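Two complexes are shown next, each including subunit A; its partner changes from subunit B in the first to subunit C in the second.
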Partner chain A sequence: MALRNLSTVMRGPLGLQQAGLLAPASACAAQTVGAPHLSKGGPSTQVRNASQLETQQKMKSVGNIMKITKAMKMVAAARMKGAQRKVEACRGMVDPSIKLFGDNPLVEGKSVTVPITSDKGLCGGVNSQVNRVVKALQDVRADGAEAPRLCIVGDKGRSVLTRGMPESVDFVADQATKQAVTFATASAIAEEILKTDSAASRIVFNKFKSAIAFQPTVATVPSPETIESKPELVEKFDEYELEGPDRSEFLTDLQEFNLASTIYWGMLENGCSEQASRVQAMENSSKNAEEMLSALTIKYNKTRQAGITTELIEIISGAVALEG
Partner chain B sequence: MAFLLRAAVSQLSRTTSGAQPAAALRCMAAAPFAQRMGSVRGIADEAKDTKEEFLAKWNEVAPSTLDPPSFASEFLEKSADPPADGAPVPSKLTFSFYLPHEKPYSSAEVDMVLVPAITGDFGVMPGHVPTAAQLRPGVLTVQEDEGTSKKFFVSSGFAFVHSDSTADVCAVEAFPVEDLDAATVEAGLADYTAKLASATSGGDDYEAAAAQIGVEVYSAMNAAITDNK
Partner chain C sequence: MSSGAASAYWRVAGMSYLKYSNLCADMVRAALKEPAKSAALKRETIFFRGTKWAEGKPGETVLTDFTEHIGSK
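So, the complex of A and B:
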């Protein structure tokens, strides 16, 4: 290959500005990688070829990564659209109960923290945000209350929280998002949480505000006993005529329903935030890969051109030496 | 959980062609949304929230680099000012119907809503006394205005009527009564009646309870179809 290129150079009057030298990297690549030719002899050419080869391999792998991250970004964007529709349809189910019973995140007595995280990674900072809030939440409780138990949803929460506070973890529900999240999924998780018999459950998730903004949020669901123990809530609830079973059964059923609704809402919001965050993360990855690729391409071309220049100099000086 | 089983059972009895009328219904329900949002309490609700204390405790124990989280109550729809005590009763009821997968009504102005509670049906009109009701599997009728009324089969859930003529219904599963398939309902009812008989004689409490729920829901669906004829 080197000899061939050289002959093209020698023919033209413009020397280096020959089409041969400006062949695209891929054409050169095809020619260089072909055979580890020792035709030009001398260790110097082999060294040049080897570094070109190395740069080429780097370029190839970076190019592949860029393709993968671009594809992942498109998939995540499509999933985010679907998730956004689902989220907007479900918002509001917990509103009536919040209006009725208020929002009491400072829990007294035994409480349960339910962090909602994703199962898959490469989704930016959403999971670390939730994990940090959960760690801080362990201490934010009324004086005298015991440390909250953890009922983790999602693989990414498990890996961090079971390492940090393994004794607080009650159970982990992972692969919950393997199939589309339905109310049944949330109910199954709620049923497990209800077995812990706690005064309140605090569900931590990322609220989807927009494609670039997610806000860690805490949604509290008190137990019937907690509601009955607060006089101002009892007073408010007393205003309402009860059409249903007796008061305690009504409250139990209502709070079971609310726990399932809140978990469902949290899972949908977090799922949407996860997809949006993945779009951003993959976008950044693709951009970085592109920059790396252009830097590598420049390096490769420089190396290649330097190699050819050196060959030229050798030949010309050899020719001059022969004449002289 | 009971409400989930009821929802699953009712969903199974929908006809496959039910998608179209359901979609048409959604278009109609989506039309006019009231300017007034949400519902309102007479008593100041800040008094019963412990958010301030939470934030105070947070600032004590959490790392300073970590912002405190938001709360679920911050994302409610904005509520209008509570009406003065002597204010006249509004002419229309502000009705919201929440399902996990859609919102057939969201702060829509309607004339009346007929709610199937466990203790019996009751109608909600503007000025209704505040009520909290647990729903049984049955038909929810929404009278939007003179002549237009829509019927939904509701699997179970809760209904709240607030003091400012707003009503919220939260259900696990609901769809227009027209979507019910008579043949499937008959078959299901027979099936669950048989299961109930075998479970009660067998002595398995859980199976008996599940079969009881199945019978309850299918009977309600049967009644809904008959009433709708």
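So, the complex of A and C:
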């Protein structure tokens, strides 16, 4: 007898409820009207609905974030390919002078550090790598020696380094990556750096190795006076026959070109590393969003199932009580 | 910077090597024919925002923008 009644009750409000994802209000209303002594279940059902709604909203926003990060990853991957082609072409510009003079990181006297950073964020640890190297370069120097001056390229280096060591900063250039970086832009920035009149310029950037690896690199461009003060470098230079001006003027020209091309190279390398790092960062965040979404889905389904079970019990016990 | 009788004429006129060589490059680009010309002109653009800092304080910000003038050429 009791069993038959139960099945009729079940077909009633519960059938309605199963139609929708969220328990419809009509089911709750029917319940309260039909069984006034069960009105305690009313508020608890509402609370459950509210929490489910919250979970649903969270799921929606996490899903949207995942879409955005996936799109950003695709864009960065496409940009990285173009940037990589440019970097490989540009390496030929700086290789000859590196072959000629080698790398001379040890330079006495006043020097200027040129950190090259990105203008935009959301690209992993690219900029913090450069900033860390710059901070180390500022600290490592002989006793009593002057701290290197700073000429910062890029917005992310500016925000960190001008806060950390404002008195060392001479010049800041940013927004250069808004357009495709050109040699002309690098030359204009190089001219500003030349105004500091230093014995050496150290350009700090991330060298692009592969899509998953980049390396913070320091390229040193010595001034003509520095080269002339080192006999072994002068000897190397004198192996070449020169036409036109004398050696010191030639070295001045060469240093200007070297500085501009190294900055150009650094900007391209760093831009490429930035995109590569962004691909990785966005992949990680897409993965995290996906994990979060599946956790939320499980939570949502569990609450829904629990709600259905609770209601079933309420209905059954209500029916039994009426029978009683 | 070295100067004197032996210096190149453009240095005497107060130009740096970079200014001189970029100007020469601009001249070469201007001598190109289409469609190579418009592709090359894109490489002539200069765009950055520069701020001079002195004694820990930023000075005036100057936007160097040589993109409009290329586009209108």
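Methods note: the second predicted complex is superposed on the first by the 278 of 324 C-alpha atoms of A that agree within 3 Å, B and C clash if a C-alpha of one lies under 4 Å from a C-alpha of the other, contacts with A are read in each partner's own complex, and residues count from 1 in each chain.
Here is the rule we go by: a contact is a pair of C-beta atoms (placed from the backbone, for glycine too) under 8 Å apart; a residue touches a chain by one contact, two chains touch by 3 or more.
Predicted model only: the values in this text are computed from it and were never measured.
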Label the relationship between subunit B and subunit C on subunit A in the superposed model as either fit or clash. clash
Would you sort A:Ala219 into first (subunit B), second (subunit C), both or neither based on which partner it touches? first
Check the residue A:Glu192 against both partner chains and state whether it touches subunit B (first), subunit C (second), both, or neither. second
More subunit A residues in contact [subunit B versus subunit C]: B
Regarding the shared-chain residue A:Val169, is it in contact with subunit B (first), subunit C (second), both, or neither? second
Let me test your reading of the model: by the given contact rule, A:Asp103 touches which partner, first (subunit B), second (subunit C), both or neither? first
Looking at the overlay, does A:Ala260 come into contact with subunit B only (first), subunit C only (second), both, or neither? both
Report for A:Pro245: first if it touches subunit B alone, second if subunit C alone, otherwise both or neither. both
One more residue to check, A:Lys58. First (subunit B), second (subunit C), both or neither? neither
Should A:Ala184 be classified as contacting the first partner (subunit B), the second (subunit C), both, or neither? both
Where subunit B and subunit C land on the same part of subunit A: residues 182-184, 187, 190-191, 244-245, 253, 256-257, 260
Residues of subunit A defined as touching subunit C within the complex: 162, 166-167, 169-176, 178-180, 182-185, 187-192, 194, 224, 244-246, 248-249, 252-253, 256-257, 260
Which residues, counting only subunit C, touch subunit A once they are in their complex? 1-2, 6-8, 11, 16-19, 21-22, 25, 42-58, 63-64, 66-67
Which residues, counting only subunit A, touch subunit B once they are in their complex? 86, 89-96, 98-106, 132-133, 136, 139-141, 182-184, 187, 190-191, 204, 207, 215-220, 230, 232-233, 235-237, 239-245, 250, 253-254, 256-257, 260-262, 264
Any idea which subunit B residues touch subunit A in the complex? 1, 3-4, 7-8, 38-39, 41-43, 45, 47-51, 53-54, 57-58, 61-63, 66, 69-77, 79, 96, 98-103, 106, 117-120, 122, 129-134, 157-160, 162-163, 168, 170, 172
